[in-house]
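Heads up, the next two complexes both have subunit A, just with different partners, subunit B and then subunit C.
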Partner chain A sequence: MKERFILIDKRIFRQTEFYLLGIIAVLSFFLTLINPKFLTLENWFDLLRSNVFLGIVALGELVVLISGGIDVSFTATATIAQYIMGLIISTYYIDNVLIAFLIPIPIGIALGAINGVLVHYTRVHPVIITISTLNVFFGFLMFLSGGKWLYNFPPSFRNFARVQAFSLTNPKGGEYGFSIFILFWIGLAILTWVILKYLPIGRKIYAIGGNREAARRAGFNLFRIQLFVYCFMGALAGIASFVHAELNQMIQPNSLVGRELDVLAAAILGGASVFGGAGSALGVFLGVCLIAIIKNGLILMRAPAYWHEVIMGAIIVGAAAINAYQRKLKAKREGEIIAQ
Partner chain B sequence: MPAISQETQTKPYLALHQVSKKYGGVVALKGVDFTILPGEIHGLVGENGSGKSTLVKIITGVVRPEKGARIEINGQKVEISNPFAAFCLGIQVVHQDLSLFPNLSVAENIVYHRYLEKSQRVVNWRAIEAEATQIMDKLGVELSPQVEVSHLPVADQQLVAICRAIASEARLIILDEPTSSLTRREVNRLFSFLKELKAQGISVLFISHRLDEVLEISDRITVFRDGQKVGTFNQEEVDKNRLSFLMTGKEISFHPVKGTTSESKTEVLKLENLTKKGQYEKVSFSVYRGEILGLIGPRGAGRSEVALTIFGLNPADEGKIYFEGKSVVIDSAQRAIQLGIGYVPENRLLQGLVLEHSVENNLVITVLDQIIGKAGLTDQQKKRNLSQKAVRDFNIKTETVEVPVKTLSGGNQQKVVLAKWMLTSPHLLLLDNPTHGVDVAAKESIYQSIKELSQRGLSFIFISDEEIEVLNNCDRILVMKNGQIIGEFSPAEVSEEELRKMILE
Partner chain C sequence: MPNNPLSKARDPQILILIFILIFISIFFGVLTGGRILTVQSLQAIAFQLPLLGLLTLAQMTPMLTGGIDLSVVSTANLAGIIIAISMTQLGLSPLLAIILGLALSLGLGALKGFLVAFISIPAIIATLGMMIFIRGVALVITKGYVIAGFPSGFLFLGDGTILGVPLPFIIFLISAIVLYILLNRTRFGIELYLLGSNPTATLFSGVNNRWVTFRVYLLSSFLAGIASIVMTARFNAAQADYGESYLLLTVLACVLGGVNPSGGFGRVSGLVLSTVILQVVATGFNLLRLSSHLASALWGIILILAIVTNRLILARES
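Showing the complex of A and B:
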């Protein structure tokens, strides 16, 4: 029995978060050598701000992946949510940012619920379901909106985009700040962590991702868990779409769709397993940071834009392969435990 | 209907009276009376389809019995209308697959039912670990509550599954084939654990195909056959031969069925100092034509790893393989099949039939490439000839080759399996635990098949967990442990006891 206790103490070294931090540190070191501007707070704040959308939806994707599902329709969900919000606040001229914030969330939840219901009752693989809903949602929006862009929002909406949690001055005298939206992201990451770790629904999400049949036999309400998972994804897509609209001050129906891969890459890099049952909020936060750094690095190195796609694809394949390899190693370790 | 008075004084925990079940027109269970006493370990045996699992389904509320049945718990009439009702009455099943959450900790797996309680708003990790530890302590299980279950060996996972049942206040635990993937030492540990449960007044229904183990652990044993209860016996009243007679209605001998060993000692396969780091070391042995070579040892000894190496799926680091006298490199399964080596994983010997399909289609499935005609399509005439020849060769009793396999009798189905393997004209078959989780009668037919094929010149490496099995069926026995061959015996010169000792020590 003794050896097993030692096994836990070493566990930290096997954790994805530990490796991610290491990789981030190494990459940062090299990028700083190439371009000293990389390791400034200004660049980092900027980096975080421009990845808030990615960061928030990746948290939702994490929860879906843990439950053993997958959602690729969230970009369409977010687009619809922000478009309806944009229409409402500009048509009725609602000069209240809180109301604007509250509009996309129920829309996201409703579209998420459609996914949840379809996934549960049709028993078709969620990839198929959500690819379909992605197209249906997006197609509807393009048809109804005619692809028209929205801008010229009320002043409160414009001003909110400039709110900083705090601001600093760089050596050249320019002012830069820590955008309020980064706090949104961090707050939602903490919320996700609390749900996953400390609420029974969170533990049930891990449980159905680990062994669905056992969860069914244990009397868990699988429908309610799945509905929660897809609605949570929808709600986060709604919040993320608000942030995205704020930062751009413009809503284009086609600016989000196509970014699903980045989000999946971040979640998988962060330790979420495509087989379900594994992953953490911290891991995904670091996964998004890593992707942001890689993209930033490519820009700093002046790599052509097409290379970004190549690198993203390579990251997903690499991370998934490492994930599979770790499972294999684990199986082997178990074999050895049985052998001794 | 008055209950038949039991000799025992104790009032039963669970009593079933006149329980029947029909599925459509098929009677699965016919007028069964059955009792389980508190703190009793009750063995339940019967062949597949004898009604055991229907009984368990009725007890656990998965299916409802026909009208007229009466179920009592502690003397009170109860309705077990769904699995949750059974759970509330304190009845829990530990399924063969254990139904654990591999990615959660031992503690969470044991007290997961807390998550179902409405009052539980926030997960209190300390309380969950404390509760799980308390239950494990009570039952003498030493596992860290924080370890992820997937890191545990199967035997420990099983203990976790049983602790979980206890945690939700089970009074009757039904164990479905609990020992099928355990080594003998782990079985011993499980048994002492079951005795601990018994001491605490918890009843256990122990379902197993391994009659030795049922006899060893049970206080009473109930035998089912063809949907009816043959009887309930005190453990002292029966032995293995009696039990299998009661189960099958026919005498099955557990004595060696001696096959005629081939006189000509042609070497089919020879391994020379095969080594693979971390798996096995300096493994050398030969297999002769028509020989059944038993390979026995504890799980994890490297038996399957060696077999997979021979089959090309697990290349060795060092050493040489000779096949029919020639040095060969087997680096893929395709190469192995080309040479005439077949590998049959656990349970596959009998499951290899698609029952709905015709005899013909089942026969040719392994040799589809032989019946390809012009234009790369299957040639119906070739297919017909091949299958009709097989039917003649093996004396399979069937009207035509076009009828579905399921219309054939069990024995003839088995012959179809044999014929199917022989069509591939293999020289050596590697059987990895072919009787794992198989009932007595089916085991017997597998042994017969192997014998028959060996008489046709096919050689076998027969990996097994059961000493008696290799003693009765093999021409030669190799004992493997910690990746090494530690002994070679002929079945005549070693006893079951001696073999078991060698494996355990």
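Showing the complex of A and C:
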């Protein structure tokens, strides 16, 4: 009996990722017909590099979603983390990338811990808690910073942005490379995968997302698991904010807030269930790629910017509808009653 | 304990709210040197309150069933744009324009209700997607521009007074009273509260949960449509992203007014009081010339405090 359920579960995972790959292949085919440049390694490296921020925070959001929660405050967390880092390295002129990299992470963890404590203690839906903390974090940052931009960072910070894992030459002789930050993303995706799949805490996260009451009665410490989940999201937001600052070589307090929904859409598209208990790192990676391709495609097709929101909204509703439908089928199989 | 939604068990909350209102009025009265208690300020409050109040009423009905509607503000904006376009570009009479706007809100409500009730998408995700979608449609229609310049008959809805009472305030009061009757004196209202407190038990008592949920979103969007009339008339303009900061405030007002975010509890009277409190605070911030960013941080803190207090009260009751 138990084995049968595990089999069904795996099949659903495989389906989500399989379909995502299929959609990506079909879209790529048509986009290549429209613009042959689309299917070059150069364009793909570029696409991946410009979505590293989205990709990293989507991994954090995935973990929160699996635990049955949701976090929309990470953009403010990331902005605060990178702003403090920018202030420190430009004021004291710290010419060391490693230190710059290490500053935003504890800040992210601390702000994540605030979310974790509030979510666990108040037992109010996490979306309400994190909308409030988003406003608190961002409001204070804008008030205290006055919205001032930061630039002029030490040379090591500037040079690190140009580091390539390897570089290639295109037919016209121009050089392009595989940015080091894509490796950050892939590394964190593997880390997330290992945590979720092989570490006890990962299995506990699936457990509280699947059935909180059962997990509590099995003796899991819900508080510790939730704290871990929101701190993990905070840590990833910190790392992502470092990458974002590197790629832009400028820190604007208002450049990240407002992109929460893109990340949520990527995670849901990648098969993370908003009911908790389901989702995988590979799925979310593909979900981010799919959103990146759709946006790239809209630009290649010269669709006006107003249409982007309409299409993003439709994608979220569509993905959630498929997700809900799958859940319904599963519930029907297991004879569960859905009252609402 | 208070399983019967019609019981008076939560009345202490109303008393607490009245106490908070008195405290806040004195607090800002002292801070602003009495400026907040002048007739002028009070009338300003009565002009500004209805928009937040109507949007909060729209937010309340889904929250009573344990849902939420993140798209109330975007729904109001799109309805406002339709009203504006009907009057300025199609040359329709204000009455016809308003009917069109309300019809559009009902249509959007039906779509939301369909997604939540019949497809079973969690309300948060469905309305999040709808919020982005609706705002996108509004942007496509307006291309980001403001639509302005309405007939004076329409503007009267925003700035007119009857016996010194601002017309928007009267619209708000009528809507609140009608909603009160709907929630407390009709079968639909009782089913709605029941659904919020225990969906499974409600299903087994022979209530059609899906149909109740569907109508909840219909009602919510209709109230957002009424808010759009007041908003468009007051601003004398319509735009795709007006009043987005109101979204957090509507949730805040509901929680402060005693609506339990997991559903089942909450009264219209508590909501009216909490919107008055929030409006007094907002006017106070304005009079003190507080930075809008600091104000939004303070809103967030007030919301968290309200939630924690609610939690403490609930913990003591059980």
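By definition in this document, the second predicted complex is superposed on the first by the 318 of 340 C-alpha atoms of A that agree within 3 Å, B and C clash if a C-alpha of one lies under 4 Å from a C-alpha of the other, contacts with A are read in each partner's own complex, and residues count from 1 in each chain.
One rule holds for everything that comes next: a residue touches a chain if its C-beta (ideal position, glycine included) is under 8 Å from a C-beta of that chain, and two chains touch if they have at least 3 such contacts.
Since we're looking at a predicted model, the values are computed, not measured.
Contacts of A:Met301 after superposition: neither subunit B nor subunit C is touched.
Look at A:Leu102: by the touch rule set out above, it reaches neither subunit B nor subunit C. For subunit A, the partner that touches more of its residues is C, with subunit B and subunit C as the two candidates. Contacts of A:Val274 after superposition on the shared chain: subunit C is touched, whereas subunit B is not. Once the two complexes are laid over each other on the shared chain, residue contacts for A:Gly210 go to subunit B alone; subunit C is not touched.
Once the two complexes are laid over each other on the shared chain, residue contacts for A:Phe220 go to subunit B alone; subunit C is not touched. In the overlay built on the shared chain, the residue A:Leu118 is in contact with subunit C alone; subunit B does not reach it.
Once the two complexes are laid over each other on the shared chain, residue contacts for A:Ala321 go to subunit C alone; subunit B is not touched.
Residue contacts after overlaying the shared chain place A:Gly313 against subunit C, while subunit B stays out of touching range. Shared interface residues of subunit A, touching subunit B in one complex and subunit C in the other, are 337-340.
Touching subunit B in their complex are the following residues of subunit A: 1, 4-5, 7-8, 197-200, 202-204, 206-207, 209-211, 213-215, 217-220, 277-278, 330, 333-340. By the touch criterion given at the top, residues 70, 118, 121-125, 127-129, 131-140, 142-143, 261, 264, 268, 274-275, 304, 306-317, 320-321, 323-325, 327-328, 337-340 of subunit A touch subunit C in their complex. On subunit C, the positions that touch subunit A within their shared complex are 65-66, 68, 115, 119-122, 124-126, 128-137, 139-140, 143-144, 195, 199-200, 202-203, 209, 213, 248, 251-252, 255, 261-262, 291, 293-301, 303-304, 307-308, 311. On the subunit B side of its complex with subunit A, the touching residues are 83-84, 87, 95, 97, 99-104, 108, 112-116, 120-123, 142-144, 146-147, 150-154, 278, 299-302, 482.
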